[in-house]
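Please go over the structures that come below.
Paired with chain B in one complex and with chain C in the other, chain A is shared by the two complexes that follow.
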Partner chain A sequence: MIQIDCPLCGLRDEREFTWGGEAHICRPENPDTVGDEEWGSYLFMRQNPRGNHRERWCHSYGCNQWFNLIRDTVSHKITSIYPIDQLAPESGDDNE
Partner chain B sequence: MHRHSILSIAKHALTGHRHWPQFWRTPAPQSHYDVVIVGGGGHGLATAYYLAKEHGICNVAVLEKGWLGGGNTGRNTAIIRSNYLNPVSTRFYDLSLKLYEGLSQELNYNIMFSQRGVVNIAHSRAQLRMMNYRVNALQHAGIEAEMLSIEELKFLMPLLRENSPSGRQTFGGFIQRRGGTARHDAVAWGYARAADALGVDIIQNCEVTGFNQSNGEVVGVQTSQGEIKTSRVGLAVAGHSSELATKLGFRLPITSMALQAMVSEPVKPVLDVVLDGTIYVSQSDRGELVLGGGTDVYNSYAQRGNLPRVENNMSELLDLFPAFSRLKFMRQWAGTVDTTPDSSPIMGHSPVEGVYLNCGWGTYGFKAIPAGGLTFADTIANGRPHPLIDAFSLQRFTSGALIDEGDSSGMDDKEALL
Partner chain C sequence: MITNKARLDCPGAIDRNRTLRFTFDGKKYCGYQGDTLASALIANDVNVVARSFKLHRPRGVLSAGVEECNAIVQVGEGAGREVSARATQVLLYDGLVAESQNCWPSAQFDISAIYSLFSRFLPAGFYLKTFMWPHWHWYEGFIRRAAGLGRVNDEADPDYYTKRFCNCDVLVVGGGPAGITAALSAAHVGASVMLLDDQAQLGGTLLWENESIDGRDAKEWLSLSLTHLDSLENVQVLPHTVAVGYYDHNFVTAVQTLGVHHCAGVPGNGPRQRLLKIRAAQVVLATGAIERPMVFPDNDRPGILLASAVRHYANRYAVSPGKSVALFTNNDFAYRTALDLLAHGVAVCAIIDIRPVHKSVMISRARELGIRLLSGYGVIATTGRKRLKRVQVAPLNDTGTAFVPGAHHWIDCDTLAMSGGWNPVVHLYSQAGGKLKFDTEFASFVPDQCEQRLTSVGAVNGSYTLNQCLTEGHKKGSAVAIAAGFLSPAVSPDAPLSQDDSDSHLQPYWQTPAIDGNSSADSQWVDFLNDVTVADINLSAKEGFRSVEHLKRYTATGMAVDQGKTSNINALAVMGQATQREVGQVGTTRFRPPYLPVTIGTLAGSRVGELSNRYRRLPVVWHWHNNGIAEDHSGWLRPAYYAREGETEEQSITREAMAARQSAALFDSSSLGKIEVQGTDAAEFLNRVYINNVKTLQVGKVRYGMMLNDNGSIIDDGVFARLGHDHFLVTTSSEGALTIAAWMEQRLQCDWRDLEVFITPVTAQWATLTLSGPRSRSVLEKLGLGVDLSTDHFPHMSVASTELEGISLRVFRVSFTGETSYELNIPADYADSLWQLLLKKGKSEGITPLGMEALNILRIEKGFLEVGVETSVETTPLDVGWSVPVSLKSADFIGRRSLVRSHNQRADRLQLVGLRPQDRALQVPEGTLVLNEQRERVGHVTSSCNSFSLNASICMAMVQAGESLIGSTLVLAIGSVDHPAEVSSSAFYDPKGDLLNV
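What follows is the complex of A and B.
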């Protein structure tokens, strides 16, 4: 069982949270002018790393806030938790 | 190859089964192969077999970082069915089911395919309508499937509880009678043994760590046992596909998730069909209940499942079959499955010339092994996608021609639960 330190509520079991997938995916500025390649990439292509993953979580059965964190996808160890509107802190991961 | 027959079994029985030959050789990798298959799961091994058998391409290596079938092929609940929705899917999966029907003969190896029927239950009117739609689509495609009344469901599964205190009701269901289960390890071992007999080198403990490219074409692979030259590489590494794609310089629409299964202590026969729904459960020949559900809810390479999913699977099982509440569960494990946005596989060309993809099998790729291997071998041998897998190309995520099997693969149901 993962425990996640919600920025507002503190340490809680993973079952209170909803995973929101990869963080920092940017919607193309002008969808009308974007080609299929770029649009498909935005919609579907993912880093899916083995190792550190920057991802979004929502504390759905608590404060209902979204936030970001960095989790190792093998050990599930969480190394950093940061606000949804912040750039990822440097953490040695290379998925840019 | 040492042929298996009643006589050979009798002969070995007389000598206490001490003299069975090795099923396959343990060769050291050569410096060059015509085709290198990465991944010694069912898809990789079947591909190697059909390359040799159907296309006479025998200078083939299968490179496996661990042991044969140690990935999802040896961890799955082994359900085989072809009751999908879209014509491209049903054609493909039904070919696979037909190949499974003859596979023990084809490989001279008993894969224990037991066609006991796969049953789905509707717990709402909407679900029942969707099943009707699916059954009509299947019958239209020439694939047998029939709706079941509540009485028929209860006849097939006497222990099933029709209406539970949780509010769950039963509205009906459907069955594909040709569906069933097979022995998963036997599928990997049978293909490995037959491929080896045709000259394929199966190399275990050999991890592919990188690729050599020249002018956008693959010219070799780097492995934990040295470099190997080749101009054709087939990737069949399931949940590890994104890792290798990153090394090749492209991304995939794949998310690797943990999918769990668990087995109970053995009991006398209590369930002789495969039930497929919010959870899937069948009884093995040894009498154990084999249970699975949806994936864990975040990406994972851990090959280890989390507790909320175990609890969820258990409560679903007991809601359907209260009689199982006294059963002890013996083992629980997980595999790293390669899920895609539309719950359909990705097969065919990759952005790198000479590298072919066979992935995106998610929670449903065991049933696909024979057809996956056959069409993938044909694709690699001819340098173009086999007609049956054309629609499964990576390109569909650019063109938008997705093949939504979220309902038939069970992914929708299971997500809705959480």
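What follows is the complex of A and C.
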């Protein structure tokens, strides 16, 4: 069970949070105009990296606010926590 | 009168004034306070305490610690009986009853021992290879019975358990010399410290080794140190507490035993065990090491023990496992056993040392004492069926790889103390994700590096001398406290010092070479409990199972209840030799929690019985005083039906359903999910999440809608009402109440941050009571709500907000039954009063309380789908007849794009239809397969009932290309009988919905 430093509530146990999958997935602006392949890629294709992963979390049993963080999927080390509407800090972009 | 034949004259740590009686395999014995079951059995000269798992070979006590793999017994009686307990870990108490396992009638005389005669025909993988035809299941029952380990206790556990969350700066696991000094020095810096030890008494090896620290007896140092720790406010010492799991971010679970033994049924006794969930800023592992056995022919006989265990029994419990002891070793450390035994007056007949003659302090001392020393010798055979009688020894050649032919001879002895070196207890380190490295000097795996904030001290690092343990503990204890944020103190005490600093000069000896050209691999035991020999591992290598993961599963080595604590390293080394690899290259399997077996009750804690699954409860309690039969529906306890005297269950359900169709019924739908959606963009928001057009909905009106995920699958359905221009009330299924609100919140916070919308889940705040049936309006009118309820003014799909005696009330005219219905929303605290008021007012109209079962019949008659029952994670609105609203809506909504993907447009998708069996009385189980004329599977029944209104059996079903099959006949396969059924629309009752507008 990892610990997450909620930007509003501070350091709490994982059991208070909900995982929201990979962050920065962009829904195509005009879905009607994109092809099946692009739409399928939006729906299903994820990076699933071994290493730093940018992902969404929600402090469901606390402030109920969503935020982004960068977590190492091997060591579970969390290197950055940033607001939901911000781009990932440089350090987290080694999967691009 | 106590007769402990094997008891020594030395005092030990037992209390000879307190005699304890106990029973083993039906025979009565005595021991002393301070004994374990194992030491008491040894004191009473009980040699055979168990039988091995596969071959039922007689086995005696091997060790004195948690690693015990032979003396596995059942303890206690009746409901409190515990299986697979280690006799070495069971503290003796008066009246203890224990039995051996895996044998019948007893460990002494076990009928299944006949298996051992066929051992050469039962190699690794024997069962997998032999019992294949026609199928393993034919043999499984017999084999499982033959190879059990005790009888599982199927009675409810009479003890109770609890849990606790803990936090500390420094967690020290292991209360031996290294752990104690680490705790002392971390505490001195000011950190809050928890010190755990798996034994009832702290001290580790200090409890039984003859050592000195700071010039005084080590036991005195121990007692002073423990007193000091007890006096410190920032230190918690937890004996009898074993750390079993090491998880991410320094989260450690530990099992604390509170009662010395079962406290079953004794009033006033506390919980038996407590599960600790510890979060520590820093962890120090001082988990020590386990001595490993030597591998030689027939090394599993009763009377062959670990050298450290023999020393432990003699020094601490004042028992000697034998009168004439030989020692077999590859290191200097084990010589202590010979020296200590001599001091207690026990005869040491020989030290058999595989190493060539060399000089060391230990060897000189053994020589001075006149012990017969056989340097460069190995043991090549042993005799004695239920007790060791003799060992045969032979000189090894210069390289130690073969025996000198013809030079062997026998030595009489009743006990052989063996030492093949030490295995550090790296389990928790590995669980933490730490990497291990093979230390060639100690011939074992030791901690290397780990991402977590932990450090290891003492024997777990391969630091075996007492002085190394004390120095490491002292140094690292303060270092981790400083790393946890504490300032280095101005003055630090000196590290305690011991005289013991001797090297062990270990020389690896992993198995015994062939003797006169004959291999004895099939009699050299590696895993005692699972009967794995060197030959089994060689076979595994020969058949290609070389990887450590394959080796483990193919031979079952390390897979018994002891999880290979004594056997793993030997097995890896033998595999390495069979495949010309170093042990380090073979590697280890990753260790998994728990380190020791944990009682399921400890993990459950207080969440047993009624507390194991907490139901949500309806605000109306009238049901439970009026024969409402409670059932679990999506986590809510709801009335299935209301029983009446003289009625069968079916009659009650039919009576309730008839009332809804003919007069009036009252139903508690408070579990219905309710979410308030407010804000200037509320309509825009809902328009994006519903497949329906929300913006055109007028204030005071209600619409039925579906929500999809972006794959196009239905995630929930329900009605939504427009209470004001910027105010909606959304209803969801009972299951969806929490998840849909969270899902909406996520959309708003993450994806559509520009929308001004507020989501408030109000399921628990508003109760919902549903009045349904042709007489329902008459009943409601009697409440005098000041709302014109006539169809002209308040038609189907309308909503009105009003008051009843000053209490807010919302009236929705919607229907889940097909009859005129009103859903009344009232603050939950008033639900029970309103329910009773409606029953009273509706008495003259024949009002009847209606349960879940009758409601289900009514909705199936109407063909209303239930999300999660009719639909699966793949079902789209197009599959259930909702293509029209989708096609009429021009704006985008979640899931819309996916509906036109080719897969969702396929003609052979499962579609919702009705089925009418020709046999009108047929009872169709849900899930029944639907077949076509060729008896190919084309679908399945999702809901079914016997409708009294239609006098027919009806089903809702998902059928391939179902809509195109309406009018044709399919087959319902129930048991071995096929029943023809006509495909129809799923709207069976009042298909046009005329009754809704009455």
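Following the convention adopted for this analysis, the second predicted complex is superposed on the first by the 94 of 96 C-alpha atoms of A that agree within 3 Å, B and C clash if a C-alpha of one lies under 4 Å from a C-alpha of the other, contacts with A are read in each partner's own complex, and residues count from 1 in each chain.
Basically, a residue touches a chain if its C-beta (ideal position, glycine included) is under 8 Å from a C-beta of that chain, and two chains touch if they have at least 3 such contacts.
These numbers were taken from a predicted model, which means no experiment stands behind them.
In the superposed model, A:Ile81 makes contact with neither chain B nor chain C. In the superposed pair of complexes, A:Gly40 makes contact with chain B and with chain C alike. Contacts of A:Gln3 after superposition: chain C is touched, whereas chain B is not reached.
By the touch criterion defined above, A:Asp32 lies against chain C but remains apart from chain B after alignment on the C-alpha atoms of chain A.
By the touch criterion defined above, A:Cys63 lies against neither chain B nor chain C after alignment on the C-alpha atoms of chain A. Applying the stated contact rule after C-alpha superposition, one finds that A:Thr73 touches chain B and leaves chain C untouched. In the superposition on chain A, contact is made by A:Asn48 with chain B only, not with chain C. Shared interface residues of chain A, touching chain B in one complex and chain C in the other, are 1-2, 18, 36, 40, 43, 75-76.
Interface of chain C with chain A (complex): residues 247-249, 251, 279, 433, 451, 710-711, 742, 745-746, 749-751, 753, 892, 896-898, 901-902.
Listed in rising order, the residues of chain A touching chain B in the complex are 1-2, 14-15, 18-19, 21, 36-37, 40-41, 43-50, 53, 55, 71, 73-76. Considering their complex, residues 240, 242-243, 246, 251-256, 297-302, 306-308, 341, 397-400 of chain B touch chain A.
Looking at the complex, you find that chain A touches chain C at residues 1-3, 13, 18, 20, 27-28, 30-32, 34, 36, 39-40, 42-43, 56, 58, 60, 64-66, 75-77, 84-85.
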